[in-house]
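Contents: one structure, followed by commentary.
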């Protein structure tokens, strides 16, 4: 385990130093997506439910943040809180309905609800329709103590938010609650016969996942200063699935790796226009056909094989 | 006695439901294809919307490049796209049947991205018009409907009923139903089940393409015409349940009409009403209106 | 010596990782009625499924009518002239009785006509429009046997056709099996009910732990009843 601890420490040092080597806005975006992917993966990896509509939480939280900060002129802390609360509430409603079905139906239902939310976001006035909410001012945090106009300062705020979210997921998975969820995932009937109300556990995990996706979405709106329809679209729901898939479904660090890979790729491929879709789609196909464990899963398999061989 | 306002409202509801039947026709054909494919392949075919788009595009290309008329495209385009489906099945899909359903979903989602991305890259995402093959209109008493749109509703009904008949009343359909239940046993009777699966996928895809050709003269032919449609069709499938062909047909047409009526009563909700119905059905009858829990 | 219709040698089979058959060997001559007897879990059903290629992970040799079948998919094997009546009967609920009867394709000429099958099982004719799984257990068993008689297959693989049925129906099935044998069909019967098996079969193979451990003919089974009962644990 010391190896893992050293790796974690190294990553933390790298995270602290990186804004001096890389473009901070890129890093912040990647961190937001990493948190988003972790939130998605919490549901898939530890509850066995694949949501194909997670963009609704991500995107709606961005709108909540933008509206609270821009239209109501409130501090960004309240914006983030509103984002999390809005996403969690939406998660409670859609989750309560979606968990009535399992497997592939669950995926279709979450996808359909996300599409409904998308249509609503196109129509209601406070999202700014096709234009979205633009120019959300970056205001200082913590009663003016933290000046967020500077990208590097904001980076550390975002890193702290990410670590908070990641830590929450870690704690959740390793809590007694998380153990019950695993038991439900592995054998629902048995867990039910032991007296656990499976649906309540699933719903709570769903709400937590939605809330964290919301935290990611609101943070992204704070960083990039806008919230648009892209973030609530089915394409975004697919993108987060892709991130988790590339990194490795069900591994705790996989989605973070996947998010960094996909965000980097999009940075480089932005000039390809529509061809990005083709590349993304091809990655889906290749991973499903040949590398279902994702990058982290494959590497840790090789590592274990190498260790046991040597 | 009804006053003029009420008559006007009834008129509008009647006309919008009639127009809604056109959308319903597409929901019916597409959800039926999804259900048939799912029954045999255990795969929710996310590529369905892209294949619908390919059907429309094939017709449009045939017309503009080769001067092949609509009526020929109505046969040729599903044939070509269906063959494309056969190739996809043989190359990719058949390798993942033993995995969890989610992988089929992810694979076909990826394929949809590839196909739609390629079409957007080559032809852009703004649509191209396709001239209506039938001109003129019919006076239904309460409204005036372009003849072609009336034709689409009738044609869709015929296609749906023919598919129903083919599956529920013919020998090949019997193989299909039996193989959906117990493929191993059907194969042990000497029926080439893998070929039956390929054929089913090809037919399901051809149906989607056929819907696409029918849609071409009504909508703009564009790379993204199926992107949102397939998501709505997923909701239709959840509402109807995937247990029965007739269920898909009734649900598809019914929801189309409901959408039309919503346009009269509360227009902003017209594109979300199907999702609201889905939420209600999940509350009341989670397996779907015609579904058995599978 | 005439080549037997079915000759199984060194047949091994696996379900996933678990090794079920450890070198099964037996043979059946044309027109013979042979049983596989053994306790639960001895590998009888797996033997049938491996002969037909339903269990795909298998090795060894299964020669039917002189041709090797190991390595071929089950649909091809069936079309050589084998027909299978599974233990769980496998009646399709989405098909009515007649559709169930007509489902298995004809693989060889010389099968029974629908009319002949209805003559053999009058109940099925009465209920030909009913959903297959709405029939009683006995009727479903008749349907499961009836539908493989149309195919013209000359080797019938019957897996516990008497399981869970009332004595009068067991008796009726016994009569039918004798009639089928009289028509010249070759039958491999898996049974737990050894009284039934002893009454109809020419020869018996006894299985234990995925192997054939003993064989008896109808003539010497009476003398060996004690040994047989020891094998079967009854």
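To keep things simple, chains are lettered A, B and C as they appear, and every chain counts its residues starting from 1.
Please note the rule applied: a residue touches a chain if its C-beta (ideal position, glycine included) is under 8 Å from a C-beta of that chain, and two chains touch if they have at least 3 such contacts.
Being a predicted model, the structure only gives us computed values, none of them experimental.
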### Task
State the chain with the largest centre-to-centre distance from chain A, centres being mean CA positions.
C
### Message
If I average the Cα coordinates per chain and compare with the overall Cα mean, which chain comes out closest?
### Response
B
### Query
Between chain A and chain C, what's the gap in Å when you average each chain's C-alpha atoms?
56
### Task
Just give me the whole-number Å value for how far the CA centre of chain B lies from that of chain C.
44
### Summary
The distance between the C-alpha centres of chain A and chain B, rounded to whole Å, is 32
#### Entry: For chain B, residues contacting two or more additional chains
none
### Query
Which residues, counting only chain C, touch chain B once they are in their complex?
52-54, 73-76, 78-79, 83-84, 86, 90, 92-95, 99, 102-105, 107, 148, 151
### Query
Within the complex, which stretch of chain B touches chain C?
171, 174-175, 177-178, 180-182, 184-193
### Query
Okay, in this complex, where on chain A does chain B touch?
50, 52, 97-98, 100-101, 103-105, 107-109, 111-113, 115-116, 119-120, 123, 234, 238, 241, 245, 273-285, 288-289, 292
### Query
Quick one: in the complex, what on chain B touches chain A?
44, 92, 95-96, 99-103, 105-107, 109-118, 120-121, 125, 227-228, 231-232, 234-235, 237-238, 268, 271-272, 275-276, 278-279, 282-283, 286
